[in-house]
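Working notes for the structure below.
All chains are identified by letter, namely A, B, C, D, E and F, in their written order; residue positions are counted from 1 within each chain.
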Amino acid sequence: MYSLNVREHFMIAHSFRGEIFGPAQRLHGATYVVDATFRRAELDADGLVVDIGRAGEVLRSILGALNYRNLDDEPAFSGENTTTEYLARAIHDRIVRAARAGDLGEGARGLSSLCVTLHESHVAWASYEAGLEE
Amino acid sequence: MYSLNVREHFMIAHSFRGEIFGPAQRLHGATYVVDATFRRAELDADGLVVDIGRAGEVLRSILGALNYRNLDDEPAFSGENTTTEYLARAIHDRIVRAARAGDLGEGARGLSSLCVTLHESHVAWASYEAGLEE
Amino acid sequence: MYSLNVREHFMIAHSFRGEIFGPAQRLHGATYVVDATFRRAELDADGLVVDIGRAGEVLRSILGALNYRNLDDEPAFSGENTTTEYLARAIHDRIVRAARAGDLGEGARGLSSLCVTLHESHVAWASYEAGLEE
Amino acid sequence: MYSLNVREHFMIAHSFRGEIFGPAQRLHGATYVVDATFRRAELDADGLVVDIGRAGEVLRSILGALNYRNLDDEPAFSGENTTTEYLARAIHDRIVRAARAGDLGEGARGLSSLCVTLHESHVAWASYEAGLEE
Amino acid sequence: MYSLNVREHFMIAHSFRGEIFGPAQRLHGATYVVDATFRRAELDADGLVVDIGRAGEVLRSILGALNYRNLDDEPAFSGENTTTEYLARAIHDRIVRAARAGDLGEGARGLSSLCVTLHESHVAWASYEAGLEE
Amino acid sequence: MYSLNVREHFMIAHSFRGEIFGPAQRLHGATYVVDATFRRAELDADGLVVDIGRAGEVLRSILGALNYRNLDDEPAFSGENTTTEYLARAIHDRIVRAARAGDLGEGARGLSSLCVTLHESHVAWASYEAGLEE
């Protein structure tokens, strides 16, 4: 299995609902350094997992729509606790949608899975991985 | 599959028995930077893999019992070579025991596996991963 | 010159005023991974720059008062743009105050300077360094 | 499953053929920081995944044959785009060959798989993982 | 003293002349992860060392002119060994020129010095630091 | 001012004397990842701060004499608390001695200072920097 990873970051405000979150129930924020790891069994005709230029553009575009925002005000996350693991899944789903729309190029149809990891500090991170098959 | 990782470290002395270890047969030591990575298929009702606060406390408590010690003198490791990979398994088993005792909270019953990684330097690490199902 | 560094982090929301900040004028947030680097010309009688346990406690205490907060609501920062470089100075000043109050122990009186660095992502950081002499 | 990782690096020149590579069609180069991650279900009699000393020697030897070279001139890669993912596979195959030749010692016969990761910058990496069974 | 750092990377081929370089006399290459660290005594009116957006653009523009190239063919480096330390100075000088041309904005006139660091691997880096005063 | 850095590591056991050290008074150990940073005002005739190959060899040789040892048994450190900052100085002095003995080559006579940093974990490090002039 081959993997290829690109990294970008975004910075947001949010708060959590539920006693389990303690002081994180207050409005606070985070920098998330995001790794998008694409996997496939065999390389495409150019010797690639995915066009790294397009992969970076797709990731930047998706994170750009979240960057410098208060997630508590984003309709897409209404009623949700935007935990690190929840956001990993949300960004995963958006990249999958972009791949299916052809934004990663034709070669991306051979991708088998995608793992999205959000590093929230030097000591904590969360990720979501799932298959890309339609 | 979702993953959540917390990081802590501990510092120990030990020695190894067996020619394969060369100079590491002498009493020496290591800093181990430990990653505990919890995995589960679906998030709990709070949108979490595991309560990160509790996960950190459990990891600190388990590493605290090893920190600033000479592992050659620890009854738990008597007769064992406390290699990095051996210690990854030992710490894995202790976290699993804590999870089963409820120390990670009720939500932790949904965890499917745990990976424990010990970084012994900037160029070497070892890990142990296994299912958490009882 | 000797230096000793301890690292902690905190997570906040804030916004900036001024066109130069572009989209960062919106309410957003950041994780700051903080390095506090203490310097002195000669080690103390115990062979230390500073008691690393106390240094960590002081840093955790100062960052704890900011952690999980919206800095736009903090009276201490009223009317200020809490940029990374501004916050590096603010945290620097609080550590200096703690050192002068004796929170780092008697040995800390020999410290000559302090550098505080805030890492806001994998590609950007800011710091403030100044002498500790009274 | 146990894993053990060793890290080394090498520095090469190369160019790519195909419009998808844009400016990387020009002769350029890269530093690759390489992680070789060995996996097995049970530790050997010494409590090891693999002899870390031998693993490091094998990795250094294989990378040494590529280091400070222009890959466009290497017969082994003739007609190939030596992308990061392609090189991860090529190095993987060379380590597997060395393992089968006994260069990792007898214990290495219990290895179940190998993952080779090439970090090409602070924001991009690629890897190849496959079983080691003969 | 305040500092602000931005990070980017570029990938080049080159070779060295002189026996001291051993196998690096052959055509090879490197990824350089570049840190540009701007320093000044007092923050500007916006609470900044320098506009981080402009600083990133200037760095990207300067590295873009070197990226994906064979430095042996660049007239600017004709007859020079483009060692890591030499390149740190060359990039430093180009940033200083851009600052003096106003590319970093008016506020940049208050900058006192600049340090440029090139990381060539996980174990080696070089830097050049000098004052920015005209 | 130019700087060039090389990185290596060593692993030791030791204990500390004095109540201030708390549990670290017990026999324990550490991995130290060591950065040796050489500085000089002007590059030598080859465009170098120092021959990086020789610098690495000198550092490996000095750390090799400490590696896999119990520092409590080393005559060189008799009666000393081998704290991270103390060891940074001890290694600094050994590199300076090697430089003066010519182990870094003739070019090394132009070095102006040396900083030695010991990273003891992902959250703590200490360093010692001093001039190299005879």
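Keep in mind that, in the parts below, a contact is a pair of C-beta atoms (placed from the backbone, for glycine too) under 8 Å apart; a residue touches a chain by one contact, two chains touch by 3 or more.
Remember, predicted model here, so these are calculated numbers, not experimental data.
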| item | value |
| --- | --- |
| Homomeric contact chain B-chain D: same or different residue positions, threshold half | different |
| Repeat of interface A-C, chosen from B-F, B-D or C-E - more than half of residue-number contact pairs shared | B-F |
| Chain E and chain F, separation of their C-alpha mean positions in angstrom | 27 |
| Intercentroid distance (Cα basis), chain E paired with chain D, Å | 30 |
| Chain E: positions in contact with at least two other chains | 7, 122-123 |
| Of chain E, residues touching chain C in the complex | 1-8, 43, 46-49, 51-53, 105 |
| Partner chain B, residues of chain F touching it in the complex | 7, 9, 11-14, 23-24, 26-33, 67-70, 119-123 |
| Of chain C, residues touching chain E in the complex | 18, 20-22, 80-86, 88-89, 117, 122-130 |
